[in-house]
Structures are given as structure tokens and as C-alpha cells.
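See the structures that follow.
Consider the two complexes below, in which chain A is the common component and chain B and chain C are the respective partners.
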Partner chain A sequence: MENNKTGINRFLTKISKPFVRFYNRFMDGSLGTKMSHFVMGSGNVYHGQIIKGLIYFIIQAGYALFMITCPEVNKTPLGYKAFINLITLGTQEGDIFTPADNSMLMLLFGVVTIGITLMYLFAYNSGIKSSYKADQDIKNYGKVTSFKQDAKEMLGNRFYITMLTPAALGAVVFTLLPTIFMILIAFTNYDKERQAGLKLFDWVGFDNFTAFFTNPTGEIAARFLPVLAWTLIWAFFATFLNYYGGILLALLINRKGLKGKKIFRAIFVLTIAIPQFVSLLAMRNLIGEYGPLQNFLVQTGILSEPMSFLANAPNVWTARITIILINLWVGIPYSMLLASGAIMNIPESLYEAAKIDGARKFTILRKITMPYIVFITTPYLISSFVGNITSFNIIYLLTSGNPKVTGGYIAGGTDLLVTWLYKLTIDEQQYNLGAVIGILTFLITSIVTLVTYRRSKSYKEEDAFQ
Partner chain B sequence: MRKGKTFKSLALLLALCMIVASFTGCSPKKDPLTIWVGVESVDFYTAKMAEYVENYKEKTGESFPFPISVQGVDTASAASKVLDDIDAGADIFTVAHDNLPKLTAGASAIAPVRSEALLAQINADNPDEFLNVIDMIVQGTEYTFGVPYISQSLVLMYNTKYLTKDDVKTWEGIWAAAKKNNMQSASLTEAGGFNNSFLVLAINESTGKMPAIIYENGETENCYFTSDDTVAIMQWGQRFFTDQNGGKMPTDSGWEIELRDEISLSVIAGAWKYNAAKAALGENLGIAILPSFTLTADDVEGTNVKAGTVYRSGSFTDCKVFVMKKGSDKAEYLEDILLFLSSIKIQEQSFIECANLPAYKNAITEFPSMRADTLEADLALKQIEMFSYGIPQPFGNPTAHFYYYSKGAPDLIREILENKESLFGTTAAIRTQLQKIENIWKTGER
Partner chain C sequence: MSDNTNTKTKIKFFNQTRSEKISKAGAYILLIALSIIWLYPILWILLNSLRTEFNVDGTMVGTVVSHYWPKQFGFDNFKTLFTNTYFPVWFRNTLFVAVFSCVLSTMLNLSVAYVMSKVKFRMRKPFMNIAIVMGLFPGFMSMIAIYYILKALGLTQTLTALILCYSAGAGLGFYVGKGFFDTVPQALIEAARIDGAGEARIFGSVILPISKPIIVYTALMSFTAPWMDFIFARVILGEQNTHLHTVAVGLYYMMYGQIVDTSRFTVFAAGCVCVAIPIVALFMYLQKYYIEGSTAGSVKG
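Let's look at the complex of A and B:
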């Protein structure tokens, strides 16, 4: 209980710090700094930093202009109107001659305007800090830095900030905002019957999530858990079979005394050199009912008649196991290469010491080789697991999510969450349900990544093998 | 020190280049009048639009005010593309008629036809079946939205090495040839709601009636799939698909390989599979209308249908239509362009150059090109003949479309036909399953 209290206090102290500093700057600052709280850049101008002050002022003026004039893109406004539209998601129903409000753009522009406002607030705070720093500089050194000096600093000691800023902005614009947009869609009824620009859609709270969890008799809820379970089963087997298969192969290839190691390695690397989709389609044809493999099996009497192993398989598990096996073909070479790299870097002295101590081959493998490989490749293992949860190509190219499942709500027997999401959004325009799956997939992958990585030796003992 | 400076200069230069490139990429471009057509017809319609521009200049003495861009798109996904971003859609684009409901839902993404000349041409040139499906009701008022210019239906593509023209008149004829050659009668390209129409839409040869009723008058509730005739048809289908020489459900290898490797004698497919069928069979490719079948005593068991009743396999008979984007800033020019592009003359040229089956109702008698002794002409003729045994996809709203195709009804039909573990070996079991299918069509629920 006491610990909890301390935790909450620490949290409150932490989040209140910027506000306290903001207040202190206002109280302690010069007249210019005080003015900066109302007119950006005025503090800098007050201290003679004209160009810097002007830049801040332009930012504020630009933001004010943006918010007041509400520029329109595709007849949907940004600016302050975007805030109102974000709440209403449009009011104009439209008719045959006039378009309806585009709820989707309104949602998007609302998010964009919030993003721009947050960036403006960041610049606003930075303007005040800049003026306050000028106060301190005058107090300590009797003068302020010139624009030239500031620019030089930005290209010198603070060059990393200059270069990181565009990257950070890119991440905000191209990753963060779309993610927030997607999350918000999960709380609307944006689906095929409410197409953007044709019919308004609206906020529906947690209804879409409810459909996935609290209505087990409903089609979506009934299908969600099997798809999730198969996604996790697939990710587990696709990751670990490939991983240990790759290590095994690497151990065999890197055996002392084996001739033509490079040739063996090159042969397996060839499967990487061939585009994955080509390998997958070739495999599909190879094992198809009338492909060469089945011809051989039928002719040799192993199969009495051709059977389907993939999209038309009589049993869902036949298709699932086949996919996992085919995935070995495209996945093992990667982990083999990685494990080879790790094996070749194990210090020879470790092996020699072990041999002197009388360790057997298996003990050496268990105590030296494997821990070393696992330590080096844990981040790969985690990213591979996460990658397999969101693996689209293999499923889509081999089976398109089939065989069909009765009552599958568009999801077939081999559909993963991502391929189901694809079908729901691209084929069926059920954007709201797709967004829920997107969020759930994100939660699963991020939890798996965080938990496993933080518990791994690669994270805890970062310097162990250096 | 010097190295560091060079690196910084390079990094700054790169960042500057990226910013300039972004602004250049986002700068406005000259806005052409855009037309989306099927990928296979881009060159043809580009040439025709060049002709149109010349005609325009001759007629008005002025140049056409916009550059014209004809682009090839996957016509199956054109409607979805437009709905994803209405403003990014072309001024004129082509869609299958069954996409009209979703394009006209709510306040409609496409503009109605208002030009009297164009309306008159549409009414004069198109069969009633097409006229019935291009009108949509938006907010209580009916408008014409689509301008038909291509039509299509399922046909039988078969191997002439094993099947004669007489054989392909009936499924029994094909079946007998399949037994003789130890092959299978026919492959399906897919088992979905479109391709199973050869059974679902089967028509009684003597009465001309189709037992199945699907969204009649555009009403979601107007569906009927539980008649005795339907039960008998399904029992025939079950016999056909469970026989080792009968029909073949889709496989992982694909129907092309089954046709090429002489595993199947024929395939039920649309004209868009013609090139693949030709690649598989070469000179042995023949085209026929879908065959008829005769119900046996086994097929009619448990129903009041008489043994010996003959049914003809049916098909969805669709048309592709041009539509206009709502709110296009070139709206005043679009209808005149459509008048030209959907004219009889252009439809015939499109048939000759791109093998597009005309939507024009008298094409078969008036187009000399359709009487040519070519496989392409045959394909066109057989499709037109199939129009007597089919209906255009009757989905008056997006919900009906969703219920029909995406709520599992095709899988239930497949279960009857495959009869795995003899689950549908009785009339009662089939009736129960048909009731579920009918419920799905009506309500989306079983």
C-alpha cells in the first residue's frame, strides 16, 4: 500500500514537473519572457535575438492563420473546424447532387489538427524556454547568443537534433498519426454500408470490441478465438521450428572437418536469393493435386488418389501443417545464416578449455555453443515471432486463408489475424472490425516483444559476451 | 575534423533534397479528364478518345478543353478504389453492374445520367434485363446510373479431342464421354456464389422457369430456395459431383492444369478465362452454352418433381457499365463522351479488337463480325445465347450482395454437392440445408 502511494506520488510529481517549470519561468522570467507566453518570439526580440524571435512569431502566426482560416482539402476543413468535426464526424447527409460530409476525412483531419496543435505547443514551450535561457545568459554572461552562434551550435554540438528532427517528424506523420487514426476507427461504425463521402458514420464506443469478446454466440466472436489461437500456434511453430532447424543445419555445416562448407552454405542461401513469393508459388504447384510430387506419390502407390494439402484440403489441420512445413523451406536458411555467424564467432579458447576439462561433445553443445547462439540470436527470435504473427505472404499466397470454415465470418481455416483483417477491410470494407483486429494484433505483438525481450539475457546481460 | 564537416554537409544536402522532392511531388499538376477501363482495352479506348477529340474539334471548331488520360484498372476493384477515396476516382470509370448498389448507397458516389440523348440511346440499345439493373433508387428517387457497353456470362469451354458438339448439349453426354475416357466431366474455376450459378440458376427447359428466386424486385426478403425443384436439382448436382467421372470441385493445382493435363474434359467459366483456357487446350478448345441435364428417378426422390424433367444450367448474365463520378469538374463533357463510347459502332469495334462482348441487344444479327468463323465470335455467340438462361446479378443493395456471397451460403451449397460423410444423403437433410441458405440470403443469418 505504502509502495503504491509512493508510486502514485512519483507519477504525479513527474507529470506536474513541466507545469511547475512553466509557472516558474513565467514568474521568474523577464518582461520579454512573460510576453513570450502571449506572443511567441517577443522575448527573443526583447533580448535582441531578432531572427530567432521572428521565426517563433511566424510559427505562432502560421498556426493562428491555420486554425482560423480552416483550409479545405477535398472539401473537408482543417483548423478549428476539424476539432468540431472530430466530435460530430459530419452533419451534412448529402443527396444525389451534393456530396455527404466525408466522415473519414473529418476523422483524419481532426487527428492531423491535433498533431499540428501538439507540435505548435512544443514550439510554444520551446519559444518560452529560449527566452528564459536568454534571461539566464544575460544574468550569467551579460550577453545572449546570436542567431549565427545558435545556427552553428545546431550544426555542431547539437547536430544530432538537426538530423533527428525530420526523422522524428516523419515517424509522427507516417506512423503515429495513422496509428491513432486506425485506433479511432475502431470506435466508429465505419463499414461497407457507411462509405466515406456517401453516408455519415458515427462514434459507437466499444461496440466493435464487444462484438469480438462478449457475444460468443455471434459470428465474429465465435470466429475470433479460433483465428487468434491458430495465429499463435502458427507463430510458435513457424518461429521455433525454423529457429532450431536453422541452428541444427548451421551446426552440421560448421562441423570441423566438413569439406565444402561454403558450397553448402551457398546452396541454402540460394533459397533466400529467390524471391519468397516465387518459392511459395512453386511449392504450391509442386504439391498441388496434379503437381509432380503427387504424381510421384500416386505412381509409387503411397497415395491412392491425389489429395489437396492446401486451400482445398479436406481437413483444416492438413492445410495448417503443410503451411508450417513449407515455411521451413523459406525460413530455415535465414536462421542457419544467423546461427552460422554466431558459431563462427565463438572463441576457440572456450572449446579448448572445455576439452581440457574433459567435457563431452554434447556438454560443449549444451553449455557453450547453444547459450552463445541463443544469446546472440534472441532479438532475432523475438522479431521473428512477431513477424510470424503478422505474416501475410505465406498464408495469402499458399491458401488465401482457405480451406473455408462453416460460419467463418469471412475467415478461413488458415487465416491469421492479419489476413482476416485484410479480407475484412479490402474485400468487405468492414473498416471498424479491421481496426479492432489491428489494435489487438498490435497489443499482442507489443506485449510479446516487451515481455520476452526484457526477460532475455540479451537485454539483462548486454555486455556478457563482449 | 574535415571528414566530420563533409559528412554534415552531405547529410544536410540529402535532407534538403528530400524536402525539395516532397514539395515537387506534392505540387499540383495539370488535371486531365480521366477514364478507367479494363486493362485489356486501354489501347483501344485511348485510340477512340483521340478520335473523339478530333471529332469534337471538327464539330465545335475548338480544341477539347482537357487532356484525356485513359487508364487500365482491374474492373473488379474499381468500385472499391473509388469508395476508398471518392475524389481520387476517375471522371468516367467502368464497373460490373452489381457494383452499382454500393456506389449509390447513401448520397451516391456516382452521378445519374441526365442527358436525354444518352438516356434515349441506353433505352434503345440495351436488352430489358440490363435496363432493369442500371436504375437505382437514391433517397427515394429512381435514376439511371450505368451506361452498359460490355456483357458477359458463363459458358462451357471444352476439349474437342474428346467431346463432340452433340456431347456438350447435355451433361449426360459429357459424363458418358468422361466415363469412357476415365476423366472427369467438368472443372469449376471457383466454388463461390458466382460460379455455382450453373446449378443455382438452373432453368426448367419446358416451362422456362427458374425455381430459385433471388432478391426479386430488389427486395432482400424476396428469396426462395426450398422448392421441390431445387431439392431435385441439388440431388442431381450431388450425384454429379460425387461421381468419379462427374464434376470437379476446385483444386490447389487449378482448373487450367486439369484441362491441360486432360484430367477434366471441360470447365464452366466466364469469357475472362478464355485466354487461359486457350493456353491450356490450344486448338482443341471448343465453346458451348452450358449444357442441360435430365433428372432421374433418384434425383426426384422425396419431391413432387417428375423424373425426366430437363433443366438447363443457368448463369449470372452481367453487363459492364460506364459510370460518372459525382461532382466531377468536367461533368458537362462526360455524357457526350459516354454517348460516343457506348455507341453501337464503338461496341462492335471493341468486339473486333478486344473481344469484348457487346451489350447491344441486336449485336448478334447486326454485327457482321459476330458471324465470323472464329472461336472469339463463337465465344460471343454462346454468351449471348446464355442470356436466355440467366439473370443479371440482382443485388439492389450492398447488404444483399454481402449476404449472398460472403455469409457462407456458397459453402453450404458445396457441402450438399460434396456430401462428405453422407451428411446430405437424405432429402430431409438437403431441405434443412437449403432452408439455411435461404435464411442467409434473406437475413444474413442461418
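Let's look at the complex of A and C:
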């Protein structure tokens, strides 16, 4: 009980900290700092930091102008109107004379305006901070820093800000905002019939999510579980078969006294270097009905006549097993490289100690080599499992998700969640359903990461080989 | 008594070398067999690019055929590739995108990696958590939104848009670089600081010179990505704009476009060879850095 209380207290203190700091600065600061809360940069001008003050002022003026004038792109406003539009997602139904409001752009611009506002608030806070710092400088040193000194600081103690800003901007515009946009799409009815500018779409709450689990027609719900199951089966086999296959290959190549290690390793690295679309499309044709492999199988009597192993396979499992096998070809070289690295790093002293103790070869392998490799490569195992859940190329290039399945909701027999997501959004424009699949995929990968990350951390703390 | 143990060890020794020999031979046979399996498809593409077989009416046989070894060799496919298709344009496009996105990505990626590793600023943990969470969303889920953001900027269907797509988010992939910078001793930085060097100087003239492995690794990865990706390139550049395609998209459409033209397989193979040779050469040349980088990333998580 007592503990719980302090927990809440600590949480509250943490939450309220920025506000307390804000309040303190306002009460404690000079007139200029107090002014800065209303007109950005006035504190700096008050202290004689003219250029810095002007920059802050321009930021505030620019933001205010942006919010009030609401500049339009493609007839859809940004600024304060974007906030209203974000809630309504458009009111003008289209008819023959007037086009409908573009709900999609309204949603996007709403998100963009929120992003710009957050950046403004960040600058606002930094403006007050800067003025408060000038107060402190006068109190402590009797003078403020010059603009030149401040600029120099950006390459000195505040260099990390200079370094992070471009990367952060890029990530916000090209990753963060788009992702938030797509998450929001999952809560709307934006689909093929409600294309941008043709018809409005609106917020529908959790309807899309419930459709995946309890749809009245049941179509998409009926497809979801099989696709999910195959995604997990695929990820499991693709990860573990490649992993242990790679370790075995590495043990084979790194055998003591074996000649031509470098040549063998180069052969397998070669397959990593070749772009996947080349090697996978080659594979697809090589094992196709007209390719030399089938010809060989027919001639030797293993097959009675050519058949499709991939997109047109008579049985879904034929295609699935073929994909997993081809993936061995793609993936084993990677894990071989990693395992090789681990093997070469095993301290010789460990082996010598084991030999002195009279350990047999197999025992050394079981007790030293394998645990060491597994210890070093466990993080790789986790990331490759996550990577396999979202692996797009191999499925798309080999089968495009086919063979077709009855009642498929365009999901074929080998479609993973991600290729299904791609088909739903790019080919079918069912953006809302695609977004839901994206979120569900995210939930799966984050659960896997969280669970295994904790495990691997406890693993690390053992320091077994350090 | 002593004689007895001596012969015993002798026999044991003798047997071991013999079984050793057998298992060694087995290892060689297995490795050679595996090498053949791994080289079989690669060699096949190479052979197809050189396959010059003619139909009765004098046209080239361009389709997939059931015999592995070509009946006749020649460079006709390459000639067709360079004179009758957009391949030279695709190649130039891809090279352009690759060079710029390589420079941009490497800069963004490594600056974030360095800061996350060596500067303990207040927002460090939240930033890292956000980056991890963002990395768990399927990358192309947000493609539609990116497409419209680029459209609002008036950039869609340009190669600049593609460069931004590949490199703008590069800062989020800082883990491998961070793993590398974590191994750089803090003392090195402290020493430079005592000597009065500013943070920018420290990064420029202390850290960068010893970071060649990670720079080469990051540059290699971001340079090769545009040659391999066809998801973003396809959506951003548009299906119809043949002159804007990258090699991956162009070659994919050559085989599986709206009109499936199976008779272009040998030309497609020639294109694949033209793409694969420079990339493979680069990988082989920088193999050491590639291996170092991928192991560093995995060990550090």
C-alpha cells in the first residue's frame, strides 16, 4: 500500500515536473523572461541578444501566420482549419458541380499541423529557456553570451543538437508522421469507394478491428486467422532452420585443418551479395514448369510430368514448403557468416582447458562451441524472427502470395500479413483494412521483441563468457 | 605392463587419424555438394544471359528452356539490352539515387549513432525508445502517406523523392553504428577534451579517422539498397514512367509487367548480370567490413 502510494507520487512528480519548471521560470525570471512567455524572443532582446531574439520572434510570427492564414495545398487548408477538418474529415459531399472535400488530405494535413505545432511548442519552450539562461548569466557572470559565442556552442557543448536535428527532421517527416497517419486511417472507413476527392470518409472507431474478429459476413475474419497462422509458421521455420543450418555450415567450413576455407566462404557470401530480386526471380524460373530442374526431375522419373511448385501449385503446402526451402538458400549464408565470426572468436584457452581435462570432441562441441555461438548470436535470432514476420521480398517475388484460395479476400495461400497489407493498400485501395493489418503486425512484432529482449537481457547479465 | 598401455595408445592414435581422414573427406564432399547447390541458380542466370539460340524462323529463343547448358553462346542479349530497352537509363537512375542516398544516409545514420552512444543528454532514452518502436512498424505501411507528403511538396515521380525516401529515415537505423561507437573508449574523447578540442573537432578529427569500418559498412548498405528495392521505387515513381525506373523495377516489369512477355527472359538475365556484377564486386572487395558490421550489429543487438 505504502509502496503503491509512493509509486503514484513519483509518477505525479515526474508528470508535473515540466509544468513546475515552467511556473518557476515565469515567477523567478526577469521582466524579459516573463515577456518571453507572450512574445518569443523579447527576453533575448531585453538582454541585448538582438539576433537570437529576432530568430525566436520570426519563428513565432511565422507560426502565427501559418495558423491564421491557413495556406492551401490541393484546395485543402493547413493551419487552424486543419484541426477542425481533422475532427470532421470534411463536410462537403460531392455532386456533379462541386468535388467532395478531400478527407484523406484533411486527415494528413491535420497530422502535419499537429506535428508543426509540437515543433513550435518545442521552440517556444527553448525560447523561454534561452531568456532564463540569460538571466542566470547576468546574475552569475554579469554579462550574457554573444550570438557568436552561441553559434560556436552549437559546434561545442551543444554539438549533439546540431547532429541530431537533420536526422530527427527526416525521421519525423518521412517516418513518424506517415506512421501516425496510417494508424489513424485504421479508425476510418477509407476504402475503394471513398477515394480521395470522390466521396467523404469518416471516423468509425474500432469497427475495422472488430471486422477482423467478428464480422457479420465473416469474410475478412475468416481469412485473417489462416494468414496469421501461416505468418507465424513461416517465421518460425524460416528463422530456426536458417539459424541452425547456418551454424552447421559454419562448423563444417571452420573445421580444423580444412583447406580452402576462404573459397568456400566466398561462395556463400556471393549469394548474399546478389540482389534478392535477381536470385529469387532466377529461382522462380529455374524451378518453374519450363525450367531445367523440372526437366531433370521428369527425366529421372521422380516426377511424372512438370508441375508448379509455387504460384500455381495444386496444394498450398507444396508452395509453402518450397518457399521455406528456397529461403534456406537465401538465409543460411547470413547465419553462417555470423556463426563463423563467433567460432573464430572463441578463446583458444577454453579449448585447451577442455583438452587437458580429457574432453572428447563431441563434448567440446556440445559444451563449449555451441553455447558460445548461441550466446553471441541470440540477438540476431530475435531480429531475424521479427524480420521474417515482415519479410516481403521472398513471398512477393516467388509467388505474389498465390496459389489462390477460395474466399480469399485477395489473400492467397502463401500471403503473409505484410504482403496482404501491400495488396490491400496498393492493389485494392482498402486502406482502412491495410492499416489494421499494419497495426496488428506491429503488435505481434513488439510482443515478440519485448518478451525475447527481456530474456536476452537476463542472458547478458549472466556474463557467461565475458 | 608399460608395453601394453603403449600399444593401446598407439591403436587409439591410429584409429583416430583414420576416422579423422574419413570425416575430413566427408566434409569436403558435403561442402562441394553444398557449393554446387548454391551456385546452381547463379550460374544458370549467367548462362542464360549468354544463351544465343535461334528459332527456325531466325528469331532468338528468349524464353526459359528446359536444358541447363546453352547450345550456343553470344552477346546478343546484352546488345538487345543496351540498344532496345531502357536499361542504360535505369542504370543511370539507380546509380544517381544510390550515390546521393548513400552520402545522405551515412551522414544521418552515423551522426545519430555517435550521439546515442557517446552523449548522455536528457532526452536520450525517450529518443531511443521511439526509434525502436518506429522500427517495429512494417516499413511500407506508411508508403501511402509518404506518397502524398511528397506530392504536397511537388516531388512525386522524381528521383529526388526516391532519394529522400531511402535516406530521410536513416537516422532510425542507428543500432549497428551505436554498437561500433560503444567500443570506442571514452578515454579517447576525454583526452581530446582536456586538450581543449570542441565537440565538433573531436568528432571530426578523433572519432571519424578511427571509424572507417563502420563508415564503409553503412555506406555499403545504403549504396546497395536502391539496387535491390523495388517496393518504394515502384509506388513513388509510378508504373508507367519507364524512363524513371530503377534497375530493379525496370527488370521486374520486363518480366512481370502488365504484358507478360516470357520471350524476354534471356534479356532479363543479361540485365541481372549487369546489375549483379558491380554489386558483387563491391561486396567481395569490402567483405571484411561487411562481416565486421553485421557481426557488430548482432552482438550488440
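Please note the rule applied: the second predicted complex is superposed on the first by the 441 of 466 C-alpha atoms of A that agree within 3 Å, B and C clash if a C-alpha of one lies under 4 Å from a C-alpha of the other, contacts with A are read in each partner's own complex, and residues count from 1 in each chain.
Here is the rule we go by: a residue touches a chain if its C-beta (ideal position, glycine included) is under 8 Å from a C-beta of that chain, and two chains touch if they have at least 3 such contacts.
Every value quoted in this text rests on a predicted model; they were computed, and no experiment measured them.
Asker: When the two structures are overlaid on chain A, which partner does A:Tyr141 contact: first (chain B), second (chain C), both, or neither?
Answerer: neither
Asker: Looking at the overlay, what does A:Asn74 touch: chain B (first), chain C (second), both, or neither?
Answerer: both
Asker: If we overlay the two complexes on their shared chain A, which of chain B and chain C does A:Gly434 touch? Say first, second, both or neither.
Answerer: In the superposition, A:Gly434 contacts chain C only.
Asker: Is A:Gly94 in contact with chain B, with chain C, with both, or with neither (first, second, both, neither)?
Answerer: A:Gly94: touches chain B, not chain C.
Asker: Is A:Pro166 touching anything from chain B or chain C once the two structures are fitted on A? First, second, both or neither.
Answerer: After superposing on A, A:Pro166 lies in contact with both chain B and chain C.
Asker: Applying the document's definition of touching, compare chain B and chain C: which contacts more of chain A?
Answerer: Result: the larger residue contact count on chain A belongs to C.
Asker: Regarding the shared-chain residue A:Phe362, is it in contact with chain B (first), chain C (second), both, or neither?
Answerer: In the superposition, A:Phe362 touches no partner, neither chain B nor chain C.
Asker: Check whether A:Phe38 is in contact with chain B, with chain C, with both or with neither, and answer first, second, both or neither.
Answerer: It touches nothing on chain B or chain C.
Asker: Could you say whether A:Tyr290 touches chain B, chain C, both of them, or neither, answering first, second, both or neither?
Answerer: Touch partners of A:Tyr290: chain B and chain C.
Asker: Is A:Gln195 in contact with chain B, with chain C, with both, or with neither (first, second, both, neither)?
Answerer: After superposing on A, A:Gln195 lies in contact with chain B but is clear of chain C.
Asker: Go through chain A and flag every residue that touches chain B in one model and chain C in the other.
Answerer: After superposing on chain A, chain A residues 74, 155, 159, 162-163, 166, 285, 288, 290-291, 426 contact both chain B and chain C.
Asker: Write out the stretch or stretches of chain A touching chain C in their complex.
Answerer: By the definition above, chain A touches chain C via 73-74, 104-105, 108, 112, 152, 155-157, 159-160, 162-164, 166-168, 170-171, 173-179, 181-182, 249, 252-253, 255, 257-258, 264, 266-279, 281-283, 285-286, 288, 290-292, 294-296, 329, 333-334, 337-338, 341-342, 376-377, 379-380, 382-383, 386, 390, 392, 418, 421-422, 425-426, 431, 434-435, 438, 441-442, 445-446, 449, 453, 456.
Asker: Please give the residue numbers of chain C that touch chain A in the complex, ascending.
Answerer: 24, 27-28, 30-31, 34-35, 37-42, 44-45, 63-68, 107-109, 111-112, 114-115, 119, 121, 127, 130-134, 136-146, 148-149, 151-152, 164-165, 167-172, 198-201, 203, 224, 227-228, 230-231, 235, 248, 251-252, 255, 265, 268-269, 272, 275-276, 279-280, 282-284, 287, 290-291, 294-295, 298-301
Asker: Mind pulling up the chain A residues that touch chain B in the complex?
Answerer: My answer: residues 74, 93-100, 102, 155, 159, 162-163, 166, 192-199, 284-285, 287-291, 306, 308-312, 314, 404, 406-408, 410, 426-429.
Asker: Which residues of chain B touch chain A once you look at their complex with the stated criterion?
Answerer: It comes out as residues 8, 11-12, 15, 18-19, 80, 83-84, 86-87, 102, 105-109, 111-112, 138-139, 141, 143, 249-254, 257-258, 261, 263, 326-327, 398-399, 402, 406, 408, 411-412, 414-415, 420, 446.
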